[in-house]
């Protein structure tokens, strides 16, 4: 499975030239030049309207005339269109309840699990059945303040995972694991020979040739998570994986 | 692995047991290998003794406090040692606030049986005046981060905290409790060094020191406490069953592993003088 | 039965050389160390050593509210649980939370809430667990300070940090940052906390004997000292990342 459909707006942030390496913290004054700059993501104009303040711990970014803070830490908030890895935690005849690492449990209705019958020539639609403990790659179809987020399994690359393992990282760091134009994820796949599926809720499904490759990949992802705010990470990851392969006696 | 939830995914269960069958674990350890153990002692000024033990990411801080009170009527010349455990809600999303639950009671009791028996704690030395005044030693374990195998980490931290203790020495003079100016130290409190070793079982595979994912998935556990030459206690939990051969094998392995670990840890280095 | 050695209440709180018993000047803070990200399971966490105080704070959230009836439909709730370990004090404390702990929990909750955007998280809760493992005066202030760090470490959007400390009066002199002994044996104690986005006090208590002039002066002293605390918090938050930047740019990979 490939991870082609990537939300492009997220991609560039960590590596873009407009993001400097300045770490800012909540309450920090990003600028007093409110004439020329507007408060963007992760920022607020103060009460006296003479300062733009950071709201999160993150990297300062100036894009056109907006000042943004790219968060380094944070929790996942369900958004329509996001691909997520969901864990079925409960079920009843009318719906599945899934944990998606967000503040709310997400719902999956049987009508959103239908697949065309596999029998040749058949046009029947079968709803696939799931059990508690199943891992599903799903897409969020709706999420708002009042209702629980709703999922669908109808779509490319969506569905139940039969094997492999899922790890979790800080959701804000997911774009770094994907990289600009998918450069990081391609590198990881090629060098560790693992299948990788990265989703917006901070979860990553992996399946490799052997546990040794999977371990290497997990260590690499932890390193990306730790160094997400630095420059030259893609090259360093390449070096790191090659070095580790040598150290661990792997090819 | 994936963020801790009460429900463990089926693929994770399968992944762990498939690999265990091949003798492999996701953190690269052997079946009979402990995670990294880090010990610091005498870290709490307000306590008479203290230790922090990190076993992998599991983190337990134990403190020792004392009181003076009347002995139990059937043990008039012996002090009392009581072990308590708190699974702090900050240690895991799985822990709730409130009075001790089954898990914390199990931890306290298994560590209690694992280190108090076999005369590990010198309760006779904890007597100030027979029938009137004895020391009551409180061993309080606080779990700061839960990543599997609280029992082994708890055992080491309780033992190290006791070894690091300095308890004011009291004497009865004309019916009044007075300080001699000296202290009881670790050597007065602790005689033996029992170590508790916990094994998990998934399917037919038995392995040492379950990490969090392994612990949440395993069907049974067995904790065996050993001194240099004796088995002090055994506790089995969970629904899995163990054959007699398996138990005999584990007893032998615990004695061997116990000696190895005891030497490596060298817990007497944590005794505090003056 | 009483303990063998009893708690010490010294007669004088200043030495011959004019310094406080622990060697500090009147407006000097005790040594403070802060670190974030110390509890891997938590969404955010921090650890603080302030004099002999040793305090952990961990944040979980936003998450479901238990019991459900406490949840608010239009905004999230902040719950702070301040607890002291049994061995954190001179005489062993009973494990169950007492009235003092419940009072302090409430005060810290009120103190931190103004910087959060709870209206963005309806129906859920942010829970902050504070564990005092070793106590030596000013624990509610140290706890507030470390709790604010833990919230920032969790990535919870905040208008600013919150910093806290206690000023007071000992042996007739106004001092900053009371130690345990100074708190017990001194004449007055004024814990306070400031929310930096509006530079106003969100925690304020006063106990003891001070004139109005002394109170006013104490508040100004506190304001200055709180700045120092704030700087330490900012450094601790950033250090987690700047240390990695240095490591990486230093040529190691």
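Each chain carries a letter (A, B and C) given by its place in the written order, and its residues are counted from 1.
Going forward, a contact is a pair of C-beta atoms (placed from the backbone, for glycine too) under 8 Å apart; a residue touches a chain by one contact, two chains touch by 3 or more.
Here the structure is a predicted model, which means the values were calculated and not measured.
*Asks:* By count of C-beta pairs in contact, what is the leading chain pair?
*Replies:* Chain pair with the maximum contact count: B-C.
*Asks:* Which chain has its C-alpha centroid farthest away from the centroid of chain C?
*Replies:* Max centre-to-centre separation from chain C belongs to A.
*Asks:* From the mean C-alpha coordinate of chain B to that of chain C, what's the distance rounded to whole Å?
*Replies:* So the centroids are 31 Å from each other.
*Asks:* Taking each chain's centre as the mean position of its Cα atoms, how many Å separate chain A from chain B?
*Replies:* 39
*Asks:* As a quick test, compute the distance in whole Å between the mean CA positions of chain A and chain C.
*Replies:* 34
*Asks:* Can you list the chain B residues in contact with two or more other chains?
*Replies:* none
*Asks:* Can you pull out the residues of chain C that are in contact with at least two other chains?
*Replies:* In chain C, residues 63 touch at least two other chains, as defined above.
*Asks:* Which chain B residues qualify as touching chain C in the complex?
*Replies:* Contacts found on chain B: 4, 43-47, 50, 57, 59, 61, 63-69, 84, 86, 88-93, 96-97, 99-100, 133, 138, 140, 142, 144-147, 168-170, 177-179.
*Asks:* Show me the residue ranges of chain A that touch chain C in the complex, using the header's touch definition.
*Replies:* 21, 23, 25-28, 42, 44, 46-47, 53, 55-57, 71-75, 103-104, 145, 170, 172, 226-227, 229-230, 232, 236, 239-240, 243
*Asks:* How about chain C: which of its residues touch chain A in the complex?
*Replies:* Those in contact with chain A are residues 43-44, 61-64, 115, 121-124, 152-155, 157-161, 196-198, 234, 237-238, 241-242, 244-245, 248-249, 253.
*Asks:* Using the touch rule from the top, collect the residues of chain C that touch chain B in their complex.
*Replies:* Checking each residue of chain C against chain B gives 1-5, 39-42, 45, 52, 54, 56-58, 60, 63, 66, 81, 83, 85-92, 95-96, 127, 129, 131, 133-136.
*Asks:* Could you pull out which chain A residues touch chain B in their complex?
*Replies:* My answer: residues 87-89, 99, 101, 131-135, 161-168, 202-203, 211, 214-215, 218.
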